[in-house]
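Both complexes shown next keep chain A, but they swap its partner, so chain B is in the first and chain C is in the second.
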Partner chain A sequence: MNRTKWEPYVWLLPSILLVSIFVVFPIFIVFKLSFSEISKSGVVGDFIGFQNYVDAVHLPAFGIVMKNTFFWVISVVGISTILGFVIALVLNQKFRGRKIARSILILPWATSLVIQASVWNYIIKYEYGNLNNILLNLGIIKQAINWRSSYQIEFIWACAVGIFVTVPFVTFCILSGLQSIDPALYEAATVDGAGFWSKLKNVTVPLVKPALTVSTVLNIIYVFNSFPIIYTMTKGAPANKTDTMITYLYMLSFYERKKGPASALSVIGFLILCVCASIYMFGVMRKEESV
Partner chain B sequence: MTNPELRKKNRSSLIILAIGMLLTLAVASMPLYTYTIGESEQVNGLSLWGFIGSGTSAGMIILLTILLALFSLICGIAGLMGTWEIEYKDLSPRTKTLRGASVASALIAFLLIPAIYMANNYFFNRKRSLFLTNHLEEGSEEYLQSMDRLLFKGSAGEGIESSLRGLDIHLSGMFFLLLFTLMLMIIAAVMIRHGEIKNTLFKMLLYFFVVVVSVVTVYPYFVMLITGLRTNSETLDMFFLHILPTKWMWQNIVDILHRGVARFLLNSLLVAGGATGIAMLCGIPAAYALARMKFVGKKPFLGFVIVSQMFSPVVLLIGISQLMNTLNLNNSLLGLMLINAAFNQAFAIWLLRGTFISISPEMEEASLIDGCGTVSALTKVLAPMAAPGIVTALIFVFINAWNEYTVSTVLISSAELRPITVGITTFSSFNMIEWQYLFSASLLATIPVVILFMSIEKHLTAGLTSGGVKG
Partner chain C sequence: MKKFLIMLLAAMMTFSLAACGGGSSGGGESSGGGEASGEPVELDVIICEYGPNTQNWFLGTGMDGSNFVDKFHEANPDVKLNLEVVSWNDVYTVVDTRIANNQAPDILNIDVFANYANDGLLMPVKDYCPEDLYNDFFPQFIEQSVIDGTVWAVPDLASARAMFYNVDMLKEVGVEPPKTWAELKEVSQKIKEHYNGEVYPWGIDMTTDEGQAAFAYYTWGNGGGFVDADGKWAVNSAENTEAIEFALGMINEGLTNPNPATETRYDLQDMFAAGKMAMLIAPNQLPTYVADKGGTINMATAGIPAAEGKTGSSVGVMDRVMAFKDDSAPDQAARNEAIGKFLKFFYDPENYVGWVSMEGFLPAVNSAVEALVASDESFSAWLDVLNTCQFYPTAMAEWDQVKQGVIKVEQDALAGGSVQEGLDALQAELTK
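And now, the complex of A and B:
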């Protein structure tokens, strides 16, 4: 081999350039902006220390936005993990039509979030929504139901749509874990007289755990970053009461033109993500080594 | 035939069947009961037999249902007599037929019961609201009554209308009872044949679960289809008249193509295609180096790749828009391509590296010894073997870029450069949403990616847990 010492770096160069310009550089910009004074028109001024962070924390909607973000992430990730796990267990069984079921269940993953959110937005309309239409025409309900009577309920609907689009990812993560389990283990457990629950507890769950960890951590990050669902369904109305951090950040910087506090929020969000990312990285790296 | 286990199985299955048939009878006679009550409150004093005899569809279906349920019960009892301890395959053909007839007629009776309600409710609600829309200003009770009489054939009219209103109350409860009984009957029918209660129950539950989940999953797409092909007035129908469009407006698709959607689709194609090209051009060499070469800083670089997968462009939006301003790339498709390529780089590298590692390096080493350069070893030897992995990564990046929304809303300001995900929002403004156009455009945006996604579904599951991905 006449590979020179610097050859690998040449191969890596395009990728490094691309990522450092368009991924790493914006990170620096956001950090820099968060410590600078920014006028309404977007002119970047002097270094002002942590003033932007103080402003961000004192924004009127800060508390409720944080609460919403927390609720959004926990409910969407938690429920979709449980649902995805059950669906994966079912899809791992042998039955007729399994392939079709798998193709159907992956649909929400392949669809743009804006489109999903718009459709659900129409479905649950009170005056002409499709859910009321179908239920009325089938004679299941007598009168149109107001599915979104308050902003809290609207937010819960947004969470439900979030769960709907997140479940396929969890399902397929866990399914790939399930399929790597050696069937001989189940046979051995059956010989030992283990029932369904004890097999689930002693064979399935421990072996699926790595896949479960990966999907959960990734989901926390993706769900935290999710923008189109809430933006399409509620637009944060009324008065940012249904905003999560990401939609609030968008409103703040591109509608209200408060770029300073917005970039401070960005940095806070970014740091939260970094914590999750490092947990994930240690998990994956450890797995790499053990293989 | 003295196997005690078999006897036990047979007996329990027959008991379930008997309970199921009794429930059928109960459910089938429930409308009868309600009609009797509804009738007693009537001034007209219309009798039940008069109602059935008046020739309305609901009356006939009810009569038929009751007869079927009775028939089922009689056949069932006859089919059970003296067969407690005999396995299904040893039964006489006559008994088999009797049992089969019992189960079949019970099932038909079940299916008919909701049909009564659906037929009547749908028809009635629809006509009534049509009337209300047309005669709202003079919508007196008199008009309604005359219409009801007209609908339900003369004197029988009022009786049915008010009894139908009474029936509505029982409806939701009845549906659950129906579902429960139906399941019970099917279980019994299957059990009699196989005698395996646990497996059958399990399979039943499994299919039930899969069907429910699939229906919920497909539902929004169904809505997209039927709403996208409606007329505008029908999408805003306050009276919930029609489940399916009365007129399938294929014209909608032509309309949206004229209103800019053709351009939006082209933009999306350019952005997604360009992003995929750039991501692959940068990603394949990097993945190759990471899979085949040893060098200082390999491990930190891999760690960085994994971490950068976590960085969503959304949280960095402010930085990205600032950067694009300075590079003069905002409001351009090239900028979108580059951003999409960069943020999908991590996954592409991760997936490609996995594919390259799984292929043994011997062939390339042989070609290197033969005097090929590393570049031709990669393109001529490795790439064809790694084609499935490369195609998967390619399609995945394409789909991610196609579905991207947030960065595009911020970076693209002129209307003719919008990709389709942003473009569809032109049909929804604050005071007026053209749902039919919004959804027919969504259909056009969704169908190609769904097909692509299904084509790589198999390969994707393999690469999932090693390199995380999501749209």
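And now, the complex of A and C:
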């Protein structure tokens, strides 16, 4: 018997077991729950077909929650990718204190999201917030400003915190891509008379694309599933107007005790993510193949 | 040989992982009723974390160098407690997950009970609570846990709400504590003018955590409320709409804290402790809370202001202890007896008085009153308040929906929505 045939599977077995226990099995349970009647205290009852899905999409907050989720993912992933790209370009240059700058950049990413959100809550607090205090002390404003005067502004603050904590991840992904580019290519481009923008367009961007793909796909998944920032900063208030899908389904399940529709929403979210990630991956891969 | 060793190691890792995965399966099985083999009866107990000392009192060294569990085991060697202290933020998630996995605790301390009772998960109190203890509970508390004539839970403690005000501030402005809504508005305006907007005259919390309390304060003070005289849902009454619109008027006129949808009760209490808020409705623990924050506010209490010609009502909040059924326990009688022993030990004045006063709440049993009043004179006045206050209709199955529903109506109105339309929609949902 050829030992090498089955050997890889033995090595894979622990990972497969872990993924099965902690990923596949919970996904299976959520799918099952989404087709079952669930009581307010969590007792799982009979199979009821798509009723939970029908109830979920007819919830009054469903529309605004979907809109918020879309805005949240696009703004956080989009802006953090642009900022991350620019910062990565800067950090890829040789300058004094580069190591320190890189270390500082990792801090927002290394700190727990709940702590980040709580700290930002204090920073923008009307009464004793650091932002108001600094601006008042510097004489820039005469009176404290209510930084959370409407739910739209509160949601923008949550997005800003989301961007703040996501930028380091994007930066380091792209930085790793930049560092793998052979300097000879830039030298050749310079010899050919290429300027900064030309080198960026024709050398940097095409070669950093794999890193960009990885960071964007992972970010879409992380940001879509991100719970702590919005939950800590607004808890979806007022009346679910600042909820995204993930915080809303938690509120639905554990505050409103509508566990069936909450499970259905989880499955809807899972499918949306699968579709988004697949479209992006296929699109990018096809382009890469055709290059 | 080297390859063989590597394979062996991989196989061992796999088995150890599998063992980790399967090891917990026995933990969820019924723990009650091991006495058939002479072993102690095991009870899984979940206690809510009321404050920073709860964990230490039940499991650490907060009970005269010892803790509740150890002392219980000393007094009851035939019962073994697997007690867990869970924070209020997590307790619903923990309990619901355990129920969904058929691992409900034997004894649970929480605020709500109707969902568990309606799903047939709870045991009637009479099945396990010793009669002398049952008769010791305040009857008006027991009434709050009755569905179809059966008592499903016993109260563990309570708190009552009243209006607190900063005595020095009101004196400086030259106003008396308000009794009616008109007076509340007038006093608030004077405070606002006097302090040039530096002090919030009145505190309102319409957050996702406790917006239902705001609904109760104002609607009960206007002759409305969650239910009508027949005990049926009546959230969209004209009195309720008028009451919520009054509260919104206070907010819109700038007489309250600026962001009532996100500023919780604790934020308001912090503002009061820092001398940034003149008046608010708060529970009886506020003086302790302010002292813990290092505040030195000269405060006093008064009744919650009500509409002209209406009587204000204090809001009582009560938590409960309940026991879940466990059909797999081999000896049900022994399990019930063990649960009774837990309750007897917990409510024994020697233990209970220390716990209630440590947490800063009001007691639920008569036998604790004397000792508590002796230790703190203010208890006596609060117990009088408790006797006259109203409670949320938590025994009704739709309570969770109503609670979140009224909060959404308030928050929606804060964002410009209509109170009447919101309450009508909620009422329609409740009666369909």
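One rule holds for everything that comes next: the second predicted complex is superposed on the first by the 261 of 291 C-alpha atoms of A that agree within 3 Å, B and C clash if a C-alpha of one lies under 4 Å from a C-alpha of the other, contacts with A are read in each partner's own complex, and residues count from 1 in each chain.
One rule holds for everything that comes next: a contact is a pair of C-beta atoms (placed from the backbone, for glycine too) under 8 Å apart; a residue touches a chain by one contact, two chains touch by 3 or more.
Predicted model only: the values in this text are computed from it and were never measured.
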Touched partner set for A:Y255, first chain B, second chain C, both or neither: second
Which superposed partner A:F270 touches (first chain B, second chain C, both, neither): first
Partner chain in contact with A:V114 - chain B first, chain C second, else both or neither: first
Chain B versus chain C as contact partner of A:E127, first or second or both or neither: both
Partner chain in contact with A:F227 - chain B first, chain C second, else both or neither: first
Touching partner for A:K241 - first (chain B), second (chain C), both, neither: second
Chain B or chain C, by number of chain A residues touched: B
Partner chain in contact with A:I21 - chain B first, chain C second, else both or neither: both
Touching partner for A:E7 - first (chain B), second (chain C), both, neither: both
On chain A, the residue positions that both chain B and chain C contact, one per complex: 3, 7, 11, 14, 17-18, 21, 127-128, 253-254, 259
Sites on chain A touched by chain C in the complex: 3, 7, 10-11, 13-14, 17-18, 21, 38-44, 60, 126-128, 146, 148-151, 154, 233-241, 251, 253-257, 259
Chain A contact footprint on chain B (complex, rising order): 117-118, 121-122, 125, 168, 171-172, 175, 203, 206-207, 209-210, 213-214, 216-221, 223-224, 226-227, 235-238, 240, 242-243, 278, 281-283, 285-286, 288-290, 293-295, 298, 301, 303, 306-312, 314-320, 322-323, 338-339, 341-343, 345-346, 349, 368, 374, 399, 402-403, 405-406, 410, 421, 424-425, 428, 435, 438-439, 442, 445-446, 449-450, 452-454, 457, 460-462, 464-466, 468, 470-471
Chain A residues touching chain B - in the complex, by the definition given at the top: 1, 3, 5, 7-9, 11-12, 14-19, 21-30, 33, 87, 90, 93, 95, 97, 101-116, 118-120, 122-123, 127-128, 130, 132-134, 136-142, 144, 164, 169, 172-173, 175-177, 179, 210-211, 214-215, 218-219, 221-222, 225, 227-228, 246, 249-250, 253-254, 259, 262-263, 266, 269-270, 273-274, 276-278, 280-281, 284-285
Residues of chain C touching chain A in the complex: 3, 7, 10-11, 13-14, 17-18, 21, 92-93, 95-97, 99-100, 115-116, 118-119, 121, 206-209, 258-259, 261-262, 271, 274, 276, 397, 400-401, 404, 407-409, 411-412, 414-415, 417, 425
